[in-house]
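Two complexes follow with chain A in common, the first pairing it with chain B and the second with chain C.
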Partner chain A sequence: MEKLHFTFKATQPITHPVHIGVVASGDLEVIMRPTTGDSELDIVTGSDGFHDVWQHVLERFFDRYPIQAKFEINDFGATPGVVNLRLTQAMEALKDAQ
Partner chain B sequence: MRNSFVELHARQRAEALLDAGTGRELIGPLDNMISPQLEPQGIVPESDDGVVIMKGQINGKNVVIAAIEGAFQGGGIGEVSGAKIVSAFEQALADNKAGKTIYPIIILDTGGVRLQEANYGLLSISEIHNIVIALKKYVPVIGLVPGRVGSFGGMSITSALLSYLIGTDRARIGLNGPEVIEQEAGVREFDSSDKNLIWNTLGTKQRLATGIVDEIVDDDVVAFKQAIAAAITAHKDSHRDQKSDFYLTLLDQLDPTAPLDTVGYRKMFAAVQPETHHLAPAQASQTPGTPSRGRLWFEKLTGIQNAQSDVSTVLHAKKDGREYIAIVADEHNRFPRVRHGEVGLVEGFTVASVVNDLVAADKDKAVKTPIIMVVDVPSQAYGYKEELIGIHLSLAASAAAYARARQAGHPVVAFIPGDAVSGGFLAHGLQSNRLIALDDLGITIQAMSKASAARITQRTIAELEEATKHVPAMAYDIENYRKLGALYKLIEGVHSKDANDQAVATVQGVIQHALDSLEDAPTDLSFRYTNPIAVKSGRVATNKVRQMMAEQWPD
Partner chain C sequence: MSDTERNWHSHRDAKAARLANAASLLDGKFAKTKDAKAVLETLLSSGDKVVLEGDNQKQASFLSQTLASVDPAKIHDLHMIMSSVSRPEHLDIFEDGIASKLDFSFAGPQSTRISQMIADGTLKIGDIHTYLELYARLYIDLIPNVVLVAADKVDHEGNLYTGANTEETPVIVESAAFHDGIVIVQANEIVDKVPRVDIPGDWVDVVIPADEPYQLEPLFTRDPQNITELQILMGMMAIRGIYERHNVQSVNHGVGFNTAAIELLLPTYGDQLGLKGKIVPNWEVNPTPTLIPAIESGWIKSIHSFGGEVGMEQYIAARPDIFFVGPDGTMRSNRAFGQMAGQYALDMFVGSTLQIDQYGNSSTVTKGRLSGFGGAPNMGSNPTGRRHSTPAWQSLKPKDDPLGRGQKLVVQMVETFGSNKRPVFVDHLDAEEVQKEAKLANVPIMIYSEDTTHIVTEEGIAYLYKTDSMAERQAAIEAIAGVTPVGMRSTEKELADLRRRGIVALPEDLGVRRTDAKRSLLAAQNMEDLVTWSHGLYNPPAKFRSWS
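The block that comes next holds the complex of A and B.
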């Protein structure tokens, strides 16, 4: 298990917290809470040594959705594709909530 | 197109069952109630700790659903997830007592105790057992076993306590997983690689034919919803935890050494004509029984030398107005998997019968006979026939009997001079409202042997021992167990194998103290999380969950 922390510049406020996903094998859960300023991400992952991969996946996500949120991610070995999918689903859930 | 229920995760399952727009989750993922035990062991937690509690309506009737997420840590029950279920069901009990009918539903998708917080898991599951028994006086408690993990371990004992159990043909129900039986009893007892054998034995088709599950529905959301609604309306109750006479009759007819397959067992099951069973108190004899700490202390506390009983492994006797009950070893037991003091099929049903007889005898008395369990149970029995017949039913019968006795006003004290492990402890020990143990490092308290726990959690025994050193939740010794706050008293200076006169007097004195403390005390299990050790350190998360549930429960 490894704990990772990232900060990304963000500009778009969100109004609702959202939760998506399950900490199943090869999967993860994502929580986003409204915040102001930069986005902070706290990640607990069962797969050690993937800091750079997370960095790339998150850069692409924030390029597309520069949302101001406090992220909590619990990851049980999801591939980058699954991470991206869950983040996108969280954005859809956010859209529904708003 | 079918709308699969099995394929859904816990939250979606709960939402799918509830009438549209009525669902409200309590202590949800945004409430930050994460298990404090997992991260220190290097395990990724989940924000809901694998249990979703949702209030809502089914066909206009108020329900509360506890849905276990089988995909997270095998649906194992830990401190937080267990406390969520217990606290929600306690709120439901209070509502029902106040005339506000609400039906509890539990979706089982679970391997039982979460081994990474094993001691909490066992405590929590015993507390679930208690609340289910209490609720059944008011409303049916409906269970679903949709399938993927199925229902195993201590939560299968829960399944046996539920009023009505609904499954699909994709589910399995058993106590000990096949891997654990193979680990404990050898591959010839149960080959955990033989998937057909596993499904034919533990699958719901066999279980429906042999009284372990009540109804099988298609894997379809609407089918589940209809089955639940029908069970609620009809107040269906299988009384599965009160069939001791049936099973004791069946076991009288069973040859434990002869082969028995699923077809043979179905025939046997269908032919049973239940006869009433009452176990007479133990008598003194000339021949010593198989030595064990349980036997030693039973004999010393009751004054019966070489105690003998018609069921060689269950001793009970009244002394000074107290009823003592012990499960003891019999090295010549006709059941080969029950020769070292394990709780087997006969033991659970027999203890249930003894306790039920006592409760019936005291029914109209204002002051109920105190029950003192003498606990020395190295485990439940690990065997193929045990699973085929359903050893979880036996353990459930015993747990239910003790819970009902306590709820009826019998003071129930467990005295632990020996081991207190796993399902054996759930059946004989954990339904007491005072736990007393000897401060002796020869005593093991746990959910599973180290060998099996290491195998299931994919660690070496050395890694497991290292992990247990730092986490009292995982400890195997009584002194670490004490830190959880579960014990009423840890008796110092008395060795478990030396029941000399002074030691016996000390123990008698502590038992008397425990009984005195139970006068006008609650008949539930709340002492375990309300005492100072529990409040300060042992059950902090439990108490936090309870407080949050109380705040969030009102509509």
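The block that comes next holds the complex of A and C.
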């Protein structure tokens, strides 16, 4: 198990908290809460040694969706594809809520 | 030597002599189970070309075990021709010197060992083939001396019933029976009357009752419980962005979870889109249970199959309008005709792979594993001999060429990273290394870039057929390759340009909502649901009965 922390510059505030996904084999849960300032991400992952892959997935995500939020991510061996699916699903859920 | 002196029937004489040597072991065409080894030692000669039937599902397992038991001092250096190398003894015969050369199509279950044996020099590879190609060579330059095949039932005349899993028996037997090869059959059962004649008795030389029924595996059954939301998302994109957009009428699905997801989305998501009756009525595919909901809800009108699938027998027998069923009421399959249909008569092939390179070439051969490809390259290629037109085929016709013609849709569906978290998109295929290690004439590529018209990932669809140059094709692949090293080369600006020109589509461009990609969207969630859809006619094999 590994704990990762990332910070990204963000410009778009969110108004609602969002919770997507589950902590199940090959899956993860993503919780986003409104915040001010930079986006802080706390990740607990069951797969060690994937810091750079997380970095790439998150850079891509914040390039497209620079949202201001406090992220809590609990990962149980999700592939980068599943991580990106959950993050983008959260964006759809936010859009629906607004 | 003048023509009148030349013996024009030397093969027939040689066959007669071999059978005469075995006369004491035979009662008519029939040998005793216990004499099987002696029969093979008498009828085989060192250096013979021998076909051993081994499809994906069905294995002539009694004959392969018997072959592995013959005395290498008597029988050695056979040239084996096997579409599928599946069982340990298929390779034991090379270690023991009984055989020395192998021409094959698929070696999935033995791919690591076969790689090692080639490196060690224990086994010499003739070549890797597609199924159809290997069958074709049985009639040209790999004409067999002896063929070893499996039948369900044999009558006293030697007529064979091969049943639902007829698979490749006819194409193998015919190559020997009409060129003075010897046809040896293992039989599950000897009966007074066969349900139907799949192979006429006068094509058969020797029948040996097997000690146990031939091995048969439910190889292509996929439990819906293991279909992920990512696969559902890709399935939704494919239905909208390819099946609907190109008006696809006929299809072959590979046997992975990606295509199982599509099969289970047609009756739900496809229905919501109003596509029922408009797309994919005609299929060339193994009769996998995940097709049941689409059949029952009226989506699928016809299915021709390469082989059978364990547990589907009763269901298929009850649906003769859909499947190819004999007058006896059981399914007939024929792998050679299936591959022919899959190559020439389909609008589209949808499959998966383990690696795709930066140019769009794909292969399931990875480091240290020489798996071969089976039938995928037949289905997953554009047959340039095709002349008939269909709307989907025509939709890929280049606009600016007066002599232009359509193209088969060849779709690869992959997640950007495999479940082992290794990137599927790579700069160079492992197959390039394997070529050197195994000393193959060509890099073992499963589907070439030039034949690949679409790639679907969880990121989106690349419409490769729309690209004008290799650089543009590479950019399209990069745009949907996620955070793999290949995908990291794509920029937001390039992606926006490719989307604008319709070369790449993201889910939002196709009207697909990622939050709709839920397991509840599948027409069946598990094996029990499939049984219910089948009105109790589908009988899942024990290993798929986890719920009971």
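Here, the second predicted complex is superposed on the first by the 98 of 98 C-alpha atoms of A that agree within 3 Å, B and C clash if a C-alpha of one lies under 4 Å from a C-alpha of the other, contacts with A are read in each partner's own complex, and residues count from 1 in each chain.
Here is the rule we go by: a residue touches a chain if its C-beta (ideal position, glycine included) is under 8 Å from a C-beta of that chain, and two chains touch if they have at least 3 such contacts.
Remember, predicted model here, so these are calculated numbers, not experimental data.
Residue contacts after overlaying the shared chain place A:19 against chain B, while chain C stays out of touching range. In the superposition on chain A, A:56 makes contact with chain C only, not with chain B. Using the contact criterion defined above for the overlaid structures, shared-chain residue A:42 touches neither chain B nor chain C, since it reaches no partner.
Interface residues of chain C, counted against chain A in their complex, comprise 228-230, 233, 415-419, 421, 457-459, 482-483, 488, 492, 513-515, 517. Those residues of chain B that touch chain A in the shared complex are 9-10, 28-30, 39, 42-47, 69, 71-73. On chain A, the positions that touch chain C within their shared complex are 26, 47, 50, 53, 56-57, 60, 63-64, 79-82, 84-85, 88-89, 92-93, 96.
Of all the residues in chain A, the ones that touch chain B in their complex are 1, 17, 19, 22-25, 27, 29, 31, 33, 44-46, 72, 74-76.
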